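Two complexes come next, and they have one chain in common, subunit A, joined by subunit B in the first and subunit C in the second.
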Partner chain A sequence: MEALTLLQWTFDSLIGLGLMWLAWRALASPQLFRAVVLFVAFGLLMALAWVRLDAPDIALAEVAIGAGLTGALLLAALARLTTAEKAHNEADQSGKRNHAVRTSRWFPAALLLMVAAGLAYSVLSIPPSSAGLSVEVAANLDISGVSNPVTAVLLNFRGYDTLLEILVLLLALLGVWSLGGSPSQRAAPAGPVLDTLARVLTPVLILLAAYFLWVGAHAPGGAFQAGAVLGAAGVLLLLAGWRPHPGFMQLPLRLVLVAGPGLFLVTALFTVVMGRHLLEYPPERARILIVILETAEALSIGTTLAALFRGERPQEKERQ
Partner chain B sequence: MSPAIFYALVGVGLFCLGLYALIVHAHLLRKILAINVMGSGAFLVLAALAKRTANAAPDPVPHAMVITGIVVAVSATAFALMLMSKVAAETGQAELPDRRSE
Partner chain C sequence: MTPSDYVASSLLIFGTLFFFAGTVGLLRFPDVYTRLHALTKSDNVGLGLVIAGLAVQAESWFVVGKLLLIWLLVLLAGASVAHLIAKGAMRRGVQMWKR
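Take a look at the complex of A and B:
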């Protein structure tokens, strides 16, 4: 028992120190590309920390979104940035840049050490053991329609959080689209490796998403993880040079994007009209409602994430 | 000290590290990375405090909030990166101007 505890502490310390070190290197390394790669590694190590904290649902979301999709977004943005800087440098040779940071670093460092001390004190001074809301969640799990407590909280007990969150996701996409998207990227032809990989992996990813969606009712998984995996499949296809049918890019794409939030809003309105609280499902229908909402949500999240990666707003149909 | 408190302290450290980088770095991509590190730190504190009681199932409510937070963070990051690309396309560099050099 003693040896096991020691081993666990060694493991925890390695994860904790590794996280701090990776974050520090990602934020301080002079090369941006290296910084982004270190940040992706940081996300993967975070997933290990989530597993150690008994949070497999978060670990899945972190690997798919925090490390995978954020990494892809960052690398794509970095590529655009290099192109933009190069174009500008050619146009303006005289532009002398001032890269040196001359701000004094001691003052913010000292200030933040005080912030850290204050936060650490408040973490250490909270009661050492507290069940939080887990008792209430466990007591009401029977009427939630699912047996995975995290899914019950996300889709039932605190459904309004999830509703607002997918609206934020949609809002971010609208923001990206209204900025006019990115200047048209050079479409590099996919090599045979990427092409084959995309062909083999895409069906597997879709199957995995469906599995996460279904298993989320009673085990780690759910709409977010499924949506993230779908988004990853979309990013992979976009990278391999695949483009959706132009007909899909018009109304169907927009319908898929709003299916999740729209269905959620309709359900919310319906529960209110029926004289219940907002998003308070009738217990006997909760299971089927959650399955329908999660499916729509996973499709919307996946499509939104892939569209965020593409960045470019789909062209309006040309009127001739 | 229990492992949960240890992870919460690591979260505090990450938050402050990110805040420091957010203040001292002028490059926008680094600022976006810094905000993401800050977010990870805050998530770590939340999930660690959910598991304070040893040998008990962790509180699922903070877990759900962290999952929500991760999705919100990635959408905010995508939007911020697009804003950064616009700044770079406009000025040729993705850095905030140094006020004292003007």
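Take a look at the complex of A and C:
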């Protein structure tokens, strides 16, 4: 038994140290490509850390969003940055380092130290064996409509937070679109291998997303994981050169994008009008409401992530 | 330990050896093509052995099926991605290593 705990302790320390090392290397690396690769490795190791902390839901989300989709987004951004970076490097070599840049590092450093001190204080002030709110969650689980406590918290007890989270995602996409997106890159033809991979994997990914969505009611999974998997399918299809039908890129695309947050908002309003609290579902309808909300959310999240990867705002039709 | 435990352990250890060899190859081989060779060959077999080791200990056939599915998906993704990386390197004019 003791050997086992020692082994686990060593394993956990290795994960912790590896995380810090990867984070440092990713931040300090002068080569952006290397930094992105290190960031993806950081995400994978982080997922392992979440598994060790018995949080498979977060581990799934971390792998799918943190390592997978953010990595893809960063690489896409990097591909568009390459020309800008070249110009910057040339300027860097010809001109001397700006002194003002160097001194201005002290301010962020002081800010970071303050945040770190605050975090350290709050971590240290947590009582060592606190059950937190898990007791209350467990006590109220049977009125939540689902048996997975994480889904119960995300979609029912703290649905408000989830609503804001998906609104943030939508806002991010609106921001990218408002900036005009970026000029589309004429990528090289995908070739038969990528094409086949996309054709084989897309149905599998859709099935996997549906599985995550359904299983989220009683086991790790849920809308965010399903959405991330859908987003990954979209990224794969976009990489393979697939483009949605131009008709879809107008109103239907926008409807899918706002379906999740929109349904959530309507539900929130409806519960208030019915004389309940904001997003307080009637217990007998909670299960079906959560399934509908999660489905809409997963679709919206997946589409938003794929649209973020594309980066370009779809061309508007000529108005008559 | 039951006989199936011995089988599982030896499969797992064997698989780890393949992973180790693949990692050494990734670190020590001279160019991107040979490194890809080291990675894809040994990781596919290594993961296959690890999956086999876990399948021996699995509680149900359902779990065995899931494990096999994971292996097949990794095979598919690994082989395709290795091909794509090599193609990208070729297109960028990365020279092949010559003795």
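Just so it is clear, the second predicted complex is superposed on the first by the 276 of 320 C-alpha atoms of A that agree within 3 Å, B and C clash if a C-alpha of one lies under 4 Å from a C-alpha of the other, contacts with A are read in each partner's own complex, and residues count from 1 in each chain.
By definition in this document, a residue touches a chain if its C-beta (ideal position, glycine included) is under 8 Å from a C-beta of that chain, and two chains touch if they have at least 3 such contacts.
Here the structure is a predicted model, which is why all the values come from computation and not from measurement.
In the superposition on chain A, A:D142 contacts neither subunit B nor subunit C. Of the two partner chains placed by superposition, only subunit C is touched by A:V193; subunit B is not.
For subunit A, the partner with contacts to more residues, out of subunit B and subunit C, is B. Of the two partner chains placed by superposition, only subunit B is touched by A:V123; subunit C is not.
Touch criterion met: A:V204 reaches subunit C, while subunit B stays clear of it.
Of the two partner chains, subunit B is the only one touched by A:L78; subunit C is not. Of the two partner chains, subunit B is the only one that A:G175 touches; subunit C does not reach it. The interface of subunit A with subunit B does not overlap its interface with subunit C at any residue.
Within the complex formed with subunit C, the subunit A residues making contact are 188, 191, 193-194, 196-197, 200-201, 204.
Considering their complex, residues 73, 76-77, 80, 83-84, 87, 91 of subunit C touch subunit A. Across the interface of their complex, subunit B is touched by residues 8-9, 12-13, 16, 19-20, 23-24, 26-28, 32, 35-36, 39, 42-43, 46, 49-50, 52-55, 57-58, 61-62, 65-66, 69-70, 73-74, 76-78, 80-81, 84-85, 87-89, 91-92, 95, 97-99, 101-103, 105, 108-109, 112-113, 115-116, 119-120, 123-124, 126-134, 137-138, 149-150, 152-154, 157-158, 161-162, 165-166, 168-169, 171-173, 175-176, 179-183, 222, 224, 301, 304-305, 308-309, 311 of subunit A. On subunit B, the positions that touch subunit A within their shared complex are 2-10, 12-21, 23-27, 29-30, 32-34, 36-37, 40, 43-45, 47-54, 56-68, 70-79, 81-86, 88-89, 91-95, 98, 100-101.
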